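In the two complexes below, chain A is the common chain; its partner is chain B in one and chain C in the other.
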Partner chain A sequence: MREKLLYGAGLAAFLLLARNILVIADLPGEAAQGAIFKIIFFHVPAAWTAMVAATAALTLSILFLKTKDFRYDAAAVAVTEVGLAFLAANLVTGSIWGRVIWGIWWTWDVRLTSALVCWLLYAGYLMLRHAIEEPTQRATFAAVFSIFAFIDVPIVIFSIRWFRTQHPGPVFLSSTGSFPHDWTMVLLWNWVALMLLASILGAIRLGQEETQREIDYVRRMAHAL
Partner chain B sequence: MHLIAHLPLLWAQASPEDVVLEMARLQRNFQFLSYGFAAAWTILTLFVLMMVGRERKLKRQITSLKAMLEERQKK
Partner chain C sequence: MEFARLVFVIMAKDLRAELRTKEAVNASFAFAVVILVLLSFVVESNDVPLPVLGGLLWLVFAFAGTLVLNRSFAREVPNDCLDALIAAPISGAALFLGKALANFLLVLVVELVALPVFGIFYNVRWTQQFWQLMLVVVLGTWGVTVIGTVFSALTVNIRLREVMLPMLTYPMLLPALLGAMELTGSLVTGAPIGPETVTWLKLLIGFDVLFTAASVTLVEFILVG
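Up next, the complex of A and B:
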């Protein structure tokens, strides 16, 4: 049943992404930036997806500390890995966009730096998990670290409102933004597609994590006998 | 299509050198746009490949675990 659902969701994500690519290709270039502006349709939804994943990781980590239920720990590591992949895609597309518009691949402005720090923190979370053998200790330390890492997420999101940055100011949900309605819809549909893709990857990764735990459990039992 | 629509305007207001420069800018824009999309999809594909690798590792572990348990049962 779970596999059928995943295949169905995968097909829906593929069709939606294919449709979105055709729609984005048909849009005209932006007046000042030209065609490169179209990268926004992947750059921004990838960032939103990563931020949703970070929020889910925070919630699951808190739930683990509260209940000590290892299913929450497995889900936390699954969403963190998926979020990390999408944040990497966001950073790379942003860097390429910056090379064309600013003439530089990277600048140490608050938005870019906080996003990179966010990526490094969640990469550190995964490294921490590899470093600890004992399952309960690993899950507890990782959950505390995930809560600590989330402190950076509001800084990433609001840095363009709190500080003067090289990165453009808020375009969406802002009185200063001027993003056309039909373009907003294209962007939102692409976010739906990426969220669907992230959910599928997260569900597969969660399945792997659960299988790994079962294997470890059976192996411990076998050695104990 | 959009580029062709802009060409008469460009010819009317700019010198041939300007048109060449603008064409080069547009070409560069498209080139970097394709780099951006290719890089993003490459990252996601690498992540999927990592998951495929992990799946294979899990299957290997299950097989070795089954073999170990069968051996213990024989003893």
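Up next, the complex of A and C:
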């Protein structure tokens, strides 16, 4: 049942992404930037998806500490890994855009720096997990670290904001923005597609985590005999 | 009152243990001097702006402080002292605060000895705003020790402990270090904390308060599970 649901969702995500790419390819180039501008349709939704994943990781970590139910722990790893991948996609697409428009791959601007620090924090979460053998300890420590990381991210953003910012300001869903309404819709649809993709990847990772725990259980039984 | 007494007992125990061997403090101070010497090859001392030197100073403090923090819980592992401490009738919060205060005093001692050395080597007249600089040193050091002590407890039993602690702490410490660097950079030029820099002071205080609260709340999970 779950497999079929996954295949169905995968097909839906593929079709939606294909449709979005066709729509985006059809759009005219932006007046000042030309075709490279279209990277925003992946750059921004990837960042939003990563933010949703980080919030989900926080919620699941708190739930784990409260209930000690390992399903929450498995889900927390799954969403963190997927979120990290989307944040990486965000950083890479931003870097490519920066090379074309600014002429540089990287600048120590507030958003770039805080996104990178955020990436490093959650990469630390995964490294911490790899370094702990005992499952209960691994889940507890990882949950505590995830909560610390989530508290830290807004402070990091606030602190770096005091340096002069080079990143363009928000252009859509804001009163001062210059983003046409139908382009906003394209962007939102692509977010839906990426969220769907993220959910599928998360579900696959969750399945792997559950299998891993079953293997651990069977191995422990075998050792006990 | 009882809580404060327990915190004091743990702090006194840690300080006594450290002062009998002085291994962490000596190593940390020697390391601080080594970095100060190495940095002189990066910065030509006569033409480097003072604010940059203020920033470098905090890198030295953060690197050297990690050596003290690494020992904090690792010292309790031989002879199963950590198990005994956890089994003792004190709360995790008292144990944590006691250790954090002891680490704070030890790191502060290393810093206060390294500060004049820094002044001599780099020809910085750091005493111009002595008390304000001390305030920044105290606040910044508490931020470093509170995060460092929690993560010292988190990494004490895992593989690659010495690598994991700095890997996890430095990205998390970014706001505190940034604030301390900015404030120190302006204080060593002789300018007192004014409307330009007071935000960094607020950031530093906010960071300390927030992470002290988070650590006291979550440390029980790390120690007991």
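A few notes on this one:
Here, the second predicted complex is superposed on the first by the 211 of 225 C-alpha atoms of A that agree within 3 Å, B and C clash if a C-alpha of one lies under 4 Å from a C-alpha of the other, contacts with A are read in each partner's own complex, and residues count from 1 in each chain.
Here is the rule we go by: a residue touches a chain if its C-beta (ideal position, glycine included) is under 8 Å from a C-beta of that chain, and two chains touch if they have at least 3 such contacts.
Computed from a prediction, not measured in an experiment: that's the story for all the values here.
Partner contacting the larger number of chain A residues, of chain B and chain C: B. Of the two partner chains, chain C is the only one touched by A:Q137; chain B is not.
Judged by the touch definition given at the top, the superposed model places A:L112 against neither chain B nor chain C.
When the two complexes are overlaid on their common chain A, residue A:P28 makes contact with chain B while staying clear of chain C. In the superposition on chain A, A:R99 makes contact with chain B only, not with chain C.
Shared-chain residue A:L201: touches chain B; no touch with chain C.
Of the two partner chains, chain B is the only one touched by A:Q212; chain C is not. By the document's definition of touching, of the two partners only chain C reaches A:A149; chain B does not. In the superposition on chain A, contact of A:A89 is made with chain B only, not with chain C. Overlaid on A, the two complexes show chain B and chain C touching no common residue of chain A.
The touching residues of chain A, counted against chain B in their complex, run 28-29, 33-36, 38-39, 42-43, 46, 81-82, 85-86, 88-89, 92-93, 96-97, 99-100, 197, 201, 204-205, 208, 211-212, 215, 218-219, 222, 225.
Chain B contributes residues 2, 25-26, 28-30, 32-33, 35-37, 39-40, 43-44, 47-48, 51, 54-55, 58, 61-62, 65, 68-69, 72 to its touches with chain A in the complex.
Those residues of chain A lying in contact with chain C across their complex are 65, 117, 120-121, 124, 127-128, 131-133, 136-137, 140-141, 143-145, 147-149, 151-152, 155-156, 158-160, 162. For chain C in complex with chain A, the touching residues are 147, 150, 154-155, 157-160, 164, 167-168, 171-172, 174-175, 178-179, 182, 199-200, 203, 206-207, 210-211, 214, 218, 221-222, 225.
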